[in-house]
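Alright, structures below, take your time with them.
In what comes next, chain A is part of two complexes: it sits with chain B in the first one and with chain C in the second one.
The block that comes next holds the complex of A and B.
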């Protein structure tokens, strides 16, 4: 089961990377980046996941064998998502400005610089 | 006190947002802030002389429960270059931005965010904080590259954004894998744990992820595609900061901290740094020779010089570390100076193309002399600082029984001499074109920051033993000390 979930997260990352490398439209590249970031988020969620474990809250009548999930990667996720949101906003703003200047989202046509 | 390095620029940036539009006040505030952090970073080099390492526990939680800020020799070296270049860039930017762009206030806010984030990167003792600050610095530099909002700026910025984000994702994935096998995010705790248990195969898998991410951020060849676009199109003070500190703090610092301090270096990793650096040195130098744009040539030269630093560190001997880190310091001084000079010529003449420039030495004496000082340092002519660091790297290569590397390093230095001569001939010493008869020297503040940086280039060259003993040696000691980093902090 967990192997399956991990492979989904890796698949999402690779899908995003494929999208970034292959697609010519700037918007699709940005969607690819978002997919890749979701893959990484899923990976972080999974590394703390345990089958049959509880949320890490200590209550009074609880048996000592209760296993908890690791809360730290879950707590990191909001930070990563907010950074992703900021990056996404900047990227889309740049893309819109580029569209105003060039009239296209095609990366092959946006080529003033030599690379 | 350590937290002021991050907090002060951050608070100043927020105050600048509030006082909107009152430009003179925001200029004064930002100069005071950056001057204070610059002086504080110089004082910090004295703090660590006896104690070697200072740990600040955020909120009083001890390691590894809380989040730490760690100040040691390696951080101090980076703090000094970040805040030094930051101060001169702020000083330089007032006249420059006002003429070429519109909004000085927004520019200063982004610049202060960038400085705060870079200070955070080099001070953080927690791998996730390191990532957050890396992202913050990257976001600030993406928007600073796009600051002009013209065609070229936007295009360079989007390219930088896409590649930079991929790099960040790989760093993040590496961090996730390390966390899953050590169960801690604190660098010191992690280092201690790995020293006891050794490296397992999951950690081995995270190493290439981190290396790939950092190499993308450092623009090591073949991951350099974004740099020659992003650095020249940015406003000149930003190019200076990007070239001389951002690419180093985001990548070399990460490599130094995580690979040396946490995992411990292996001969294979040293070889990757050594040969990756060597390829960068030659690629950057040859590509620079072919350029016709002033700042673009400097950007390729940055690739080449970053390669030099990697080469020095990749030799894996204490002397090699000293050479590499000293070159890092020197590169920060002369490359930022050179970018400021390029900005000054663009400010006066309105162009960066070699074909339209020439003979500026009559009209702009201060800029010419500063750029000459920068060139001498860049090409390694004694007694300027670039000579000593390259000399140390060559000596270290010979000591490490790598004569071939030493010879190649000397050849690369001669190539460097080639492209700096091209700049000097094309821009400053050939015949003055008719169209440039009416140009004037740049305003006082721009001249001041260039001249002071030029004097620093000469001064660190003349007093190189003092710099090496007081700033470079502690940083190199941290690299030599390697994985003992964790136990140093945990015993605090």
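The block that comes next holds the complex of A and C.
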């Protein structure tokens, strides 16, 4: 069962890689990079999962032998999403500037770069 | 952009902002803190620039005002630390507010104040990063 779930996240990552390599529009390339990043995030979240365990938050009337899922990936993945957001802002700003200069998002048509 | 995209983005902005405020206010209890909520606010602003166009957003939210907000919130964060230094603890970022009960929302002293200030700082700074990269234009030679 867990092998099946891991293969889903790896499939998502490979889908993003396909989108980066094959597509010609810059916006679709950026979407592919985000899909790859979310595949990696899903893989780490699946690693931390444990069957029958609670979320790692201490609440009232909780017995001492309650089992938690691993909280470290839950704390690390928001940081990865934020850094991905900053990188996506940089990529989108570059794409908008390229669109203003060349009038297209196609990579093949904006190849003739001049200084 | 298309009229369909504009309407959909106008509907989706409110729930994202409410979720950002939730992440900021519950930063000491749940995963995520002021940094994550501020990044959500910045994501909403970047989405507005992409969909509604930069002239429209620039008219409503000037970049110099955002720069002022970012600088003031950074100074406020230093001020909170210095108040802890001059209070009875004699340590930077000393908790000078009484702590509440353990399972409540107000149970963390100055951590909640620092989270709110940090959320405003990160949101304004990431929006400034994107805004200056998009709006800045080289002079025509």
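Assume the second predicted complex is superposed on the first by the 102 of 115 C-alpha atoms of A that agree within 3 Å, B and C clash if a C-alpha of one lies under 4 Å from a C-alpha of the other, contacts with A are read in each partner's own complex, and residues count from 1 in each chain.
Simple rule for what comes next: a residue touches a chain if its C-beta (ideal position, glycine included) is under 8 Å from a C-beta of that chain, and two chains touch if they have at least 3 such contacts.
As the structure is a computational prediction, the values presented were derived from the model and not from experiment.
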Combined model on chain A where chain B meets chain C, clash or fit: fit
First (chain B), second (chain C), both or neither touched by A:69: neither
Where the C-alpha centre of chain A sits as vertex, the angle toward chain B and chain C in the overlay (nearest 10 degrees): 80
Touched partner set for A:26, first chain B, second chain C, both or neither: first
Chain B versus chain C as contact partner of A:85, first or second or both or neither: second
Partner chain in contact with A:59 - chain B first, chain C second, else both or neither: second
First (chain B), second (chain C), both or neither touched by A:97: both
Which partner reaches more residues of chain A (counting touched residues only), chain B or chain C: B
First (chain B), second (chain C), both or neither touched by A:45: neither
Which superposed partner A:5 touches (first chain B, second chain C, both, neither): neither
Shortest span in Å between Cα atoms of chain B and of chain C, once chain A is used as the common reference: 5
On chain A, the residue positions that both chain B and chain C contact, one per complex: 79, 86, 90, 94, 97
Interface residues, chain A side, partner chain C - complex: 57, 59-60, 71, 74-75, 78-79, 81-82, 85-86, 89-90, 92-94, 96-97
For the chain B and chain A complex, residues of the former touching the latter: 128, 132, 135-136, 139, 142-143, 146, 149-152, 154-159, 161-162, 165-166, 169, 172-173, 176, 179-180, 183, 185, 225, 228-229, 233
Parts of chain C lying in touch with chain A, wherever the complex brings them together: 29-32, 35-36, 39, 42-43, 46, 50, 103, 126, 129-130, 133-134
Chain A to chain B touching residues, read off their complex: 13, 17, 20, 26, 29, 33, 36-37, 40, 43-44, 47, 70, 72-73, 76, 79-80, 83, 86-87, 90-91, 94-95, 97-98, 101-102, 110-115
